Amino acid sequence: MRGGLTRQEIAKRAAQELREGMYVNLGMGIPTLVTRCIPTGLTVFLQSEHGILGLGPPPPPGQEDPDFADASRMPVTVIPGASLFSSAESFAMIRGRHLDMTILGAFQVSARGDLANWMVPERGVGSIGGAMDLVYGARRVVVTMEHVTKDGNPRIVERCSYPLTGRECVDLIVTDLAVIEVGNDGLVLKEVAPGETPQEVQAKTGAKLALSPELREIRV
Amino acid sequence: MVNKCYPSATAAVGDIGDGATIMFGGFGFCGIPDRLIEALARRGVKNLTGISNNCGLGGRGVDILVRNRQIRKMVATFPAQRERTPFEEQYLAGQVELELVPQGTFAERIRAGGAGVGGFYTRTGVGTPLAEGKERRVIAGEEYVLEFPLRADFALIHAYRGDPYGNLIYRGTARNFGPEMATAADVTIAEVEELVEVGELNPEAVITPGIYVDRIVAVGRAP
Amino acid sequence: MRGGLTRQEIAKRAAQELREGMYVNLGMGIPTLVTRCIPTGLTVFLQSEHGILGLGPPPPPGQEDPDFADASRMPVTVIPGASLFSSAESFAMIRGRHLDMTILGAFQVSARGDLANWMVPERGVGSIGGAMDLVYGARRVVVTMEHVTKDGNPRIVERCSYPLTGRECVDLIVTDLAVIEVGNDGLVLKEVAPGETPQEVQAKTGAKLALSPELREIRV
Amino acid sequence: MVNKCYPSATAAVGDIGDGATIMFGGFGFCGIPDRLIEALARRGVKNLTGISNNCGLGGRGVDILVRNRQIRKMVATFPAQRERTPFEEQYLAGQVELELVPQGTFAERIRAGGAGVGGFYTRTGVGTPLAEGKERRVIAGEEYVLEFPLRADFALIHAYRGDPYGNLIYRGTARNFGPEMATAADVTIAEVEELVEVGELNPEAVITPGIYVDRIVAVGRAP
């Protein structure tokens, strides 16, 4: 059986990056799971790029409203104190660097923080959505993903082979095996999953990892 | 007495011809001008260029026109869905064209088209394949690409409530691209769930001022 | 005593350019008088550049609301079916060529339709406001002004000596003495004020006027 | 619990220092952040650069700061009023600087500053003294000039109602430059006539989402 964190645990670890009062956009995939991991008592404003600031939890069954959906087309609610606006206003907010953080999924991240998350070249067509705006717009870009592909190839690589979403834009990578910071001099291994060693993580990583002086185990 | 109301969706799209460029509001399943698109499908016009966040899915929105082979080209941000769509198949078969645009650039280009902005510089896309061939410029030490406005012959949008002057309000995330698309087409056609009397909408809360709307048709609330 | 139209009559003549359903911005000075000259039964939407579409008449005395004022700081109301928005949205509307017409005051208009209306050079400081946006934004630019200066110098000139507001932007000039169209080949005299002759108007005009085949008297 | 409320205008402007660049909302006498400006006058900071539609008049708005000799430079669209103002006198005496901007360009530059737009092309000003020295470009056969964004250290704005999250709504023509200025400053300070509970403002009608507002102070309705 495969070790490391579950997708839910990756989301939980990513949620530890949230701070009181932050404005945050969550991408599709693992990042949407972060919604359910926000520590009790913490006020975080979730932005949805098609026009919500203050995304709430899913509605109770039977109370779905077709006019309130998230970017994955799932029914949502809004919290008290939310606001609604157009996509152009939403992206003015994103591109104007008003968001504190975005948490995104990824296919690949490079040693210098390049992100590839919109197109698998073999498919021949990709969907960008708001990712290209978010990576330059949010003050902090956190990536959540599986550490390796289904075939066991590293997703953290020296240079992305997939088309880029953004250049030198990722700040932190949270995977099932590790938490890695993108520093000025390359990748820094900050935390490893329970049961993993830095050596094992490095073996599954396509770029050189420096070890943080505070290297520790991921706690979720 | 100014009255922009049309009796039916069919009448409202009655002069859209072959080869038209059309903006379609909607994000996912929110805010799709379903009745107008159905009327356009019945009209059977061909070689349309669509400007829409996605390229339709699940038999709704642009998907109807794609299946009908009415679309020649799409300008979109999210053409590929998890499931494979008719658009994707036609695209991979070389039967439709696609101009892929980051969503924020897409929205801003539409706004620029409506606001008389001749072009603008954005950071989005820098260093990616989508910046290839685009003019670059370093401003205050940061790299930007130059983007140009998007306009259309027609904009088809969905709103919650509207009045005979064309004032509109939206509901929830169904607002999305509607307000800006309304500004960026020669003819803007809005389907509304409810038509109200002039003066019923709160002037402070009107999202699309009537000046942007040429035709309005009441379609009721989707079941 | 000076002949020609009164300021009120100039406004009245300018108001004849309005058509059902038009969206129109009125500048300061004589153009504000147009508000009171809109023919009964005609629906015209007046835009105010600081955020009103659907400007109404002044409020009854005692019912002024300090939050509702026009560009000249006079109290206003809004009509049923009006909308309110920010200045940036208002100028997106103006610059995006959504207005059918603007009626502006002027210091000078040139033979090719250049407009100077924001600065008297002797004063050393001028106020542009929204005029530079309106002249390129509105589909039709109508200028209302006195035909000559207080010193009797022509305001319609071969070339403006005052700083320009816009180049080749004026479509129609309404003065106390005449109505003049700016055509592709220069100025065309369309109407003369009661009691005036084309010769007298030409003598008070600093640029050559062609006579319209339908030349007639101004009726207000 | 997020709470952006400050106990007083004085406290809200307490860290504005000499040499700051400040946006001031307001058009004519509508939407002036009177209480914040008065607090700034009491603070007595100097060498301010103001970004404001006009340069104050009648002892209100920026006029207070001008009379107090706190202003070094103004970026404005309507500095000259019918009556001669203290600003005009100081300007003609060479005591203050002025950057004159057409009003639409002024509003759009502020929006650009808040929206991450590095620069944009506009027709406004072409062929006039205000285009001198600016980069020109012909786009689709029309001449445009390149304009760059405006940003500030602080934005002082006036709104009608606000909540502790910083959400704002405005009233009538007092809205004017507030919504865009709120987006274009490092620190946005809003005075509101009425502070309401979180959740009281209709999310569909919020004009300024709280993300843009850093501090909020209730000042009551002017007498």
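Each chain carries a letter (A, B, C and D) given by its place in the written order, and its residues are counted from 1.
Here is the rule we go by: a residue touches a chain if its C-beta (ideal position, glycine included) is under 8 Å from a C-beta of that chain, and two chains touch if they have at least 3 such contacts.
Note that the structure is a prediction, hence the values are computed from the model and not measured.
**Student:** Looking at C-alpha means, what's the farthest chain from subunit C?
**Tutor:** A
**Student:** So the centre of each chain is just the mean of its C-alpha atoms; given that, what is the distance between subunit A and subunit D in Å?
**Tutor:** 36
**Student:** What is the distance, in whole Å, between the centres of subunit B and subunit D, each centre taken as the mean of its C-alpha atoms?
**Tutor:** Chain centroid spacing, subunit B to subunit D, equals 33 Å.
**Student:** Measuring centre to centre with CA averages, how many angstrom lie between subunit C and subunit D?
**Tutor:** Roughly 29 Å separates the two chain centres.
**Student:** On subunit B, where are the residues touching two or more other chains?
**Tutor:** 108, 111, 115-117, 122-123, 171-172, 204
**Student:** Can you list the residues of subunit C that touch 2 or more other chains?
**Tutor:** As it turns out, subunit C has residues touching two or more other chains at 78, 84-85, 91-92, 94-95, 136-137.
**Student:** Considering only which chains touch which, how would you classify the arrangement: line, ring, star, complete or other?
**Tutor:** other
**Student:** Go through the chains and record each pair that touches.
**Tutor:** So the chains that touch one another pair up as A-B, A-D, B-C, B-D, C-D.
**Student:** For a test of understanding, state which residues of subunit B touch subunit D in their complex under the given definition.
**Tutor:** Residues in contact with subunit D: 108, 112, 115-123, 137, 139-140, 142, 144, 148, 169-172, 202, 204-205.
**Student:** Provide the residue numbers of subunit D that touch subunit C in the complex, in ascending order.
**Tutor:** The touching residues are 27-31, 53-54, 77-81, 88, 91-92, 98, 100-105, 107-108, 110-111, 122-130, 160, 171-180, 207, 222.
**Student:** Which residues of subunit B touch subunit C in the complex?
**Tutor:** It comes out as residues 1-2, 111, 113-117, 163-165, 167, 183-184, 198-199, 201, 203-204, 206, 209-212.
**Student:** Looking at the complex, which residues from subunit C come into contact with subunit B?
**Tutor:** Within the complex, subunit C touches subunit B at residues 20-21, 23, 43, 45, 47, 53-54, 78, 80-85, 91-99, 136-137.
**Student:** Quick one: which bits of subunit C touch subunit D in the complex? Just the residue numbers, please.
**Tutor:** Subunit C residues touching subunit D: 48-52, 65-73, 76, 78, 84-88, 90-92, 94-95, 114, 123-133, 136-137, 163-168.
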